[in-house]
C-alpha cells in the first residue's frame, strides 16, 4: 500500500511539472509567497511611510507605481499586501479543512445518524448566501478580517465535507478496505492510512480553488470598507483607489490586477492538478457560485 | 489589463445596442421646476422631536415651518413667529405668531398648536430636545405665547430657529404615525418616501409664503457613498450634491458650480479625553499634549487630505465671538520643540496612544506618521462602536470630525466637567474658574467673555489636538443655484433656486 | 410526491429556525451604544436611558428574543432603530429591486451558459477551450472589479449610461432598462462562463453513459438524442448549477448594489451593518434565507418531476 502512495505522491508533482500551465501558475504563486515572506527585505520603502507632500503622484523614478492618498509607496504596499491576502486565504483553507475533512471522513465511514445530521448541517450551510452571513458576523464581532475569514472557513467547509464523504463512501466497501478490516486494523488506522490517501488529491485541488474564493471575498469586504482599514492588503488598496477614482484612476488598477492574477493562478493550478489526475468532482464546481 | 479590455469591448457593444434600440439618451433630471438633491443622510424620524441639524435639516424644512427662520448669513428672520422678544436675563421670551396659517390636514396654527408642539418637544427625547429642557410654555392669547426658562438660556433663539420649533399638526402630535408620515404647514408635502433611497415632495398648494416655494417638486435622493453622489451629479440624475475632498476636483473639471461654506462648520482633530492621565499617564502631562500639537504639520496635512481646509489649533467656530484668529496658529509645526517637551515630560522614548479607527484611512496614516516622529506609537483600536464607547468613557482619545456649534454649545459639550465631549470629566483650575464666573450670571455678555476665556484656556492647556476646519462643498448643475448656510454643512432647502436653464 | 414536498418544507422551516436563532444570538449580543448613535453628540445620560427604554433594550435578553420570534412568525420584524421604517415594508420595497437585478442577470446568464455549454460539449475544439478560458477569467476577476471598471468607462468617461441609481419601471421604462444594464452586466460576466463550463461537463457526463451509446446504435438521429434524451437527463445538474449561481448572485448583489446605489436588499444590509441597525440586519438574514429556501425547493421539485429517482432519495 505504501508503494502505491508514494507513486501517487510523485505523480502529483511530476505531472504538474510536465504541464506548462502547471509550471507557470505554480511559479507565479511561489513568487507571491516568497514576496510575502521577504516583503521587509525586498520592498523599496516602508509601506507605512506617509508623505503629505506627494499625495497620489503618478509613477516616477522613486515611486515606481506612484503613491496613494496618504503619500505611501504603492509598490511597497502591494508587496506587503501579499501577506494579509495570503494569510486570509490560509485561514479559510485551514479552517475549512479542519472542519470539513474529519467530519466528512467520519460521516462517510460510519454513515448512520452522524452522517444524517452532518449532511443536513452541510446542506444548510451551503444554502446560505455567504456575503449576507458575513455582514451579520461583521455587525456582531467587528471588523477584524481574520475573524471574518475564520467564519468564512466554516461556511465553505461543506465543500470539503461533501467531497471527503462521497470519496470515502465510494471506497468504503472496496476490497482493500475490507481486507484491512479483516486483517484487524482499527477503524482509525484504516481511515488515516487508506481512505485519506484517496481524498488527498481532490483536497489539494479544492484548497487551491477555495484560496481564490477567499481572496475574492476578503477583497470584496475590504472594498466595501467593512474590513480592518489599517491593515495593508490588496482589498484596502482597492478601497483607497475607488475613493479617489476620479483623481487617480490608476490606483484601483494595480490591486485589481494583482488580485485577479492571483485568483486566476489558484484556479489554473486547481485545473492543472485535475487535468493531471483526470479527477472529476461536482462539488468543486458548485463552490464557484459562492464567490461572485 | 487584457481582461478589462475584452470586458470593455463587450460592454460597449451592449451599451450601444441598448441605446440604439431605444433611441433615447440616458435619463436626465426632469424639467426645471423640479429640484433633485443628492444627500448624504436621511431622516431617522419625521417626528419634529427627532429633528437634527446639518444634513438632516432640509428634510424637515420641506414639510414643516419653524417659528424663526435662520437666514443664510446666520441672522434671524420671522417665519411662523412674526415678532419675538427675549428678556435681558435670558429667562423668558414672548413670541407673536402668524395668523391664518393652516396645516395640510386643515388644522389651524395658533398659540395652542404652538404650545402643544413645544411641550411635546421639551418632553420628548431627541438629538437636541435637551436644549429646551426646563422651558415652560404658556398661551398669552390666540396668537401669542410666552416661554419661561428655569435657568438662563442665552441661545434660545438659535434653537428655535434650527431644530427646536418645527410645527406639526396638533392632530398627529405624539402619535406613532408621525414618525413615518409628516403633517405640517411647510412649503412642501411628502408625496412618497422610499426609505434608504429617495423622498419626493410636491408643492403645498395653499402655502402662505410663495417665496419659500421655488420648485413644483423636490426629490431628495439619499446616496451615502461619495462616489455614487458624484456619479449621479455627473450623470445628470441629481441637480445638486454634497461632495467630499476626493470628489470636488472631478465635479469642478466637469463644469459643475461649486459652493463651499467659507465659514467652516466642523473641525477635525484628536480629542484627548484622558487629561487626568488615569488610562494613559502620558496624556495627563500638559507637555505631552502640547508636544502632540507641535508635532503635526497642519498646513501639509490639510493640503494632503482636504480641499482648502483651514488649519487651526482651536475648537471654537469663527462664526462666534469666542474665536480668536491668533489661536488658529498657536502651535506652529516644530518637531524640535515637540521632542524637547516630550523629553521634559519624561517621555523621550515615547508611549503608545490608543486611538479609534477613524473613517478616513489616509488621514489616520498621516497622523500616525507625525506622532511616530516624536516616538508616540499609535495603536488603532478596532472597535466599530468607538463612538458610543468613547461617549461611555472607554477611550483615552479619539480622532473625529466635530460640529462647531454656537459658542455656548461648544463650551458646554467640550469644556464643562459634565460635557458630553468631556467624556472622562476633566477639569483644570483655570477652566473651573471660568465656569464659576459664567454660572454666576448667564447674561449674554458674560457668555461672550467666558467662552472666549475658555477657548484660550483649552488651547493653552492643549485639551485638544485640532488639525483643521473642514469646508463643506455642494456642487450644482447649471439648472440650479444655491447659497451656503451659516453653521450648516449643506444649504437650507430654502436656499436653492432654479437658474431658468 | 406530496410526502417529498412536506419533508422538504419541514426541513426548510427547521433550517430557518436554526439560522435565525443563531443570527439573533450573534447580532444582539451587543446593543449598547445604539442610543448614543441615535441621539447624537449632545445627549445626556438620562436621554440615553429613556431611549434604551423606548427601544426595549433594558429588558432581559430572552424576553426580547421571544418577542422577536413570536412577532417574526406573524411576519413582523419590528422597525428600524434608525429611521422608524417597518422592516417588513422596507424589505417588500427592496426585494423587487434585488430580484429584478439578480433575476435578469440569472436569466441572461442561464441562456448564454446553456448555449455556450452545449456548443462546448458538442462541438468541442476551440469553443470548448474558449469556454474554459473564460471560466477561469470570470473566476479570477471579482464582480466588483468588473463593475468599477465598467462604471468608469461607460458612465463617467463616455456618459453612455447612468452610473448609479434606480428608476422604477412604472416611472420611466426606458430609464429603468438603462439603470439595469451595468449592474446586471457585472453579475452576468462574473458568472456566465463558469455556469457554461459546468453545463458542458453535465452534458458530457450524460453523453458518456451507456444508454446514449445504445440509442446511437439503434440509429436514432443525433438531434433527437440531444434534445429528447441528453438534455433532459442533464437538466437536473444544470438546474442545480443555476440555483447555486442564484444564491451566489444574491451575495454578489451586496457589493454590486452598493457600487450602483441600487435600493435593494444588499445595499440595505450594508448600510444597516455600517450603522449597527441590528433589527434590519436580522430582517435581511431571515428574508434572504426564505428566498433561498424557496428557490431551492422549486429547483428540487422541478428536478423531482424531471427525474423520479430523486424523490425516492
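A few comments on the model shown:
Chains here go by letter, A, B and C, matching the order in which they are written, and residues are numbered from 1 within each.
In this text, a contact is a pair of C-beta atoms (placed from the backbone, for glycine too) under 8 Å apart; a residue touches a chain by one contact, two chains touch by 3 or more.
Here the structure is a predicted model, which means the values were calculated and not measured.
Chain nearest the geometric middle of the protein is C, using mean C-alpha positions. Between A-C and A-B, more C-beta contact pairs join the chains of A-C. Centroid to centroid, with C-alpha atoms defining each point, subunit B and subunit C lie 38 Å apart. Taking each chain's centre as the average of its CA atoms, subunit A and subunit C sit 22 Å apart.
Centre-to-centre separation of subunit A and subunit B, using mean CA positions: 44 Å. Across the assembly, subunit A contributes 138-139, 225, 242, 245-246, 260 as residues in contact with two or more other chains.
Residue positions 3, 384 of subunit B are each in touch with at least two other chains.
For subunit C, the set of residues that touch two or more other chains comprises 30, 137, 140-141, 149, 156, 258, 276.
Those residues of subunit B that touch subunit A in the shared complex are 1, 3, 226-227, 230, 246-247, 249-250, 297, 300-301, 303-305, 357, 359, 361-366, 368-369, 380, 382-384.
For subunit A in complex with subunit C, the touching residues are 120, 124, 127-133, 135-141, 212, 216, 219-220, 223-226, 238, 242, 245-246, 249, 252, 256, 259-261, 263-264, 267-268, 271, 280, 282, 285-286, 288-292. If you check the complex, the residues on subunit B that touch subunit C are 3-4, 7-8, 10-12, 14-16, 18-19, 22, 24, 26-27, 42-46, 52, 125-131, 179-180, 194-198, 221, 223-225, 228, 231-232, 234-235, 237, 384-385, 387-389, 391-392, 402-403, 409, 413, 420-421. Those residues of subunit C that touch subunit A in the shared complex are 11, 15, 18-19, 23, 26-27, 29-30, 132, 136-137, 139-145, 148-149, 152, 156, 187, 190-191, 194, 197-198, 201, 237, 240-241, 244-245, 247-252, 254-255, 258, 266, 269-270, 272-274, 276, 278, 281-282, 284-285, 288-289, 292-293, 296. Looking at the complex, you find that subunit A touches subunit B at residues 48-50, 52-53, 55, 68-72, 138-139, 142-144, 225, 228-230, 236, 239-240, 242-247, 253, 257, 260.
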